[in-house]
Amino acid sequence: MWMHTSCSLDFQIPVATPFLFMLRPRSGWQQWVGREQYVLSPSVSAVEFTDPFGNLCQRLVAPAGRFSVHTSVDVESAEASDTAPGAPFVEVQHLPDETIPFLLPSRFCESDRFTEMASSIGSGWAPGYDQCAAIVDYIRRTKRYTPGSGQQIISAGEVNEQTHAVCRDMAHLGIACCRALSIPARMVVGYLENLEPMDLHAWFEAYLGGRWFTFDPTQSDLQGGRVAIAYGRDAADVAIYTQFGAPVELLRMEVTVERRPAPRF
Amino acid sequence: MWMHTSCSLDFQIPVATPFLFMLRPRSGWQQWVGREQYVLSPSVSAVEFTDPFGNLCQRLVAPAGRFSVHTSVDVESAEASDTAPGAPFVEVQHLPDETIPFLLPSRFCESDRFTEMASSIGSGWAPGYDQCAAIVDYIRRTKRYTPGSGQQIISAGEVNEQTHAVCRDMAHLGIACCRALSIPARMVVGYLENLEPMDLHAWFEAYLGGRWFTFDPTQSDLQGGRVAIAYGRDAADVAIYTQFGAPVELLRMEVTVERRPAPRF
Amino acid sequence: MWMHTSCSLDFQIPVATPFLFMLRPRSGWQQWVGREQYVLSPSVSAVEFTDPFGNLCQRLVAPAGRFSVHTSVDVESAEASDTAPGAPFVEVQHLPDETIPFLLPSRFCESDRFTEMASSIGSGWAPGYDQCAAIVDYIRRTKRYTPGSGQQIISAGEVNEQTHAVCRDMAHLGIACCRALSIPARMVVGYLENLEPMDLHAWFEAYLGGRWFTFDPTQSDLQGGRVAIAYGRDAADVAIYTQFGAPVELLRMEVTVERRPAPRF
Amino acid sequence: MWMHTSCSLDFQIPVATPFLFMLRPRSGWQQWVGREQYVLSPSVSAVEFTDPFGNLCQRLVAPAGRFSVHTSVDVESAEASDTAPGAPFVEVQHLPDETIPFLLPSRFCESDRFTEMASSIGSGWAPGYDQCAAIVDYIRRTKRYTPGSGQQIISAGEVNEQTHAVCRDMAHLGIACCRALSIPARMVVGYLENLEPMDLHAWFEAYLGGRWFTFDPTQSDLQGGRVAIAYGRDAADVAIYTQFGAPVELLRMEVTVERRPAPRF
């Protein structure tokens, strides 16, 4: 199915400010970018590079004054995300090299402190996919999903002490628990249809039975209609924008996601 | 300035055939991709990866029958390509690691066999940019640029024995001579305005004074209006499509390049 | 000058356990590996890969029972680490792409929470090297360096609330402050001569004026005699060993570092 | 089993000359580096980087005069190289991304010109391992292996017109034919025991049934006792040394390979 998504950001910039954006989705598994646009207003010179996780990053210096970024994309995406109950745990020694960094603790996923909790949640389940599902279930039962409630990014340990959580928090908690069970897990930031209110979304993927699978603790039944923008170890790696120097004001951020008929080119 | 470019390919496919395409330009130096589209007809599942040179590559299996690829892009590009007469040769020991592969011989640039010729052309010129300019000048003087005359890709050594050459041949010869002087040189395939007849174009870049500079042996004065699609060691790395298995028929290839006012998004 | 260093680890392993080791120093800036050995007892099959930071990592499954790793290396290293008072801050937009990940917050360096503190320490100093020196000086004045006092790894925020610190803590604090000033900073784990008691050491590097420079908050005057083993964003990336699954017992860890005459081969 | 190998090079250098060496074997599949040394005489400053193929490369400037490089290594290597008659062809669309570059033509393996020949050799054999074995067999039947007979490196096309060949030539021919059948193939340079006269050796690997397998057209029965030094697309990528600028004289090159009891460290 085809989806049309967009993200618009308006900033008030006091003084010329370097930015790093991550707003260009790539084609990948179950995701084909058919049309895309990326508008900077005013137009400024920008360069792009691929970060260590394979994300396209845009670097630019925003001039003082009003500065806007508008991106949109038409993507052919999967109606349903793949699931695989029973998919086995991959023993650490058989994991592909490139999954290893996703086993280690990271800024917001202190997996080194979740060994006990994760073992307890996962006990009684077959090692692998079913443990991840149990973790997701546990998060859903213990945290109330509260869109928009989160301002500063908090770590899985801090999330764990709260009763409410945003999508990002729930993903961090899920990632920390998976890694504590030696299951590689990574953060995804992207678009998801039907969010209320509409916003960017965060979920996670775990490596099981030889490939990555999608998990989303905000949903009781995993739904499709996703467009991944960036992958990383946690929110620190996938900020859609990072701004350096004196603070700037984000005046407006608007996200749209809708199904559309296949684009006529 | 803004340019709109497109490339359309129509194939007749006898039996389902794996393809590798390289038709998604990236933003980079003097090049910002503002709008892009990439259409497969019929629509098939495709995946994308970044090759060792940083190019985005699309992998898919084309079904039997008629298969078309249509890509287009709106790019903000430089009115003029940077030049830098006098820019110095960078001694090999001071080159960045990532330029080293572009010093070595490759499929179509047997630089190991051009030491004498390159030394002779470059002698009398300051090491660096001016030597590259002398090489370009030599190629222009000795080869008649004959668009469309080349079918099978030939190597720099074979080019050297001919009096006519296509853009790709001239780039190969330039690259082979630069490398023979220990100057890193790489192939670029892309769009260039005002070609007659319009087609994809090939030129090369050399690393001088700390950055890459554009050289184009088909032009007496280096012109801008370029959109790079892919970079590599030579034509073997930057084929816009590679097809595996039984031969397919390319029915039509059409390229367009035009200046346009800044797109209104 | 030549140094001979070694690291020996003895484990008691209850059940076959996957390990990731990072104990093979590479040649690099001011560091040439002339002789190296790496012994596993009992001998087991191991594979090696390069992680995203360029470190060589060894993967293996340690069998149940006693398991030992002994590595040693003869390195030609610099008598003194380079310093560069006055070296300028590199504006973010001019930083090489590969330094960007070292600007972002990481597991143990929550630089996003150090903006105020770092600005305060750095104010009055020229942007760049001198700010980093001021940060190191601040750390030395406010934390008592207490070798061996640290068990669990704590983050820069936690370090900041303490009066004592191990080398790793001091490096984390320095890195967090540098990044808060938009100066790329990375963790180094390695050998340093004359430690008392002898142990592995941790320090950091900051990117200034176009290259990385060494900083070590445990020393009033920066000394040479270093051998870098691994680089990363913080201690999470450069653990010399990571063990997955049920806990194992580290029975003994012994580190030696000594100057030696040039080895006769 | 343990092997001790060494490579010594003596040069006469007329004027200070930049070099690129590839003489540090890495641990990998069926290969564990237990002890290694790398001596430069006179001692000069050198740096090391990892090339796009994962090989460790040493960069240095050799001073005028006599310059020697001596490397040796103790490696635990496999008694026998794995074979897998019947291992299936992996369809191009299912190949891992990182194998794709090894499908394309390269400097000395013009696979684009071997389609007919490879199809003819491979016809009648099951797609995959057995085709590769048939290619090796064909090379053995049509080329007389003549150690040391080759001076300048020639390409597969040129090899094909000769009746004698060195190991490198035979590997190039094998690689070109494999790629022409859409089987990824890569060059290996390394040590092999029992060569007469002793020298460095070259063979190739092909990707079949999900992993790389060793093929060696110089042997009727594939033997173990190998130590891989470097991997690449062909000889252009794996030169153990590359020298830039005015020619230097290689006075002596000596290679030793012997089985040894497990080293006592």
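Order as written gives the chain letters A, B, C and D; numbering starts at 1 within each chain.
One rule holds in what follows: contacts are C-beta pairs under 8 Å (C-beta built on N, C-alpha and C of every residue); 3 or more make two chains touch, one makes a residue touch a chain.
Here is each chain with its UniProt name: A, B, C, D = Transglutaminase-like superfamily protein.
Everything quoted here is computed from the prediction, not taken from an experiment.
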For subunit B paired with subunit C, centre-to-centre distance based on mean C-alpha positions, whole Å: 42
Centre-of-Cα separation between subunit D and subunit B, whole angstrom: 30
Whole-Å separation of chain centres (CA-atom averages), subunit C against subunit D: 35
Residues within subunit C bordering two or more other chains: none
Touch-based graph of the chains, sorted into line, ring, star, complete or other: ring
Touching chain combinations (by label order): A-B, A-C, B-D, C-D
Residues of subunit B that touch subunit D when the two form their complex: 18, 20, 49, 51-52, 57, 59-61, 91-93, 97, 100-101, 103-107, 110, 112, 153, 182, 236-237, 239, 242, 244-245
Subunit B to subunit A touching residues, read off their complex: 26-29, 32-40, 43, 45-48, 50, 54, 56, 58, 70, 74, 76, 262-263, 265
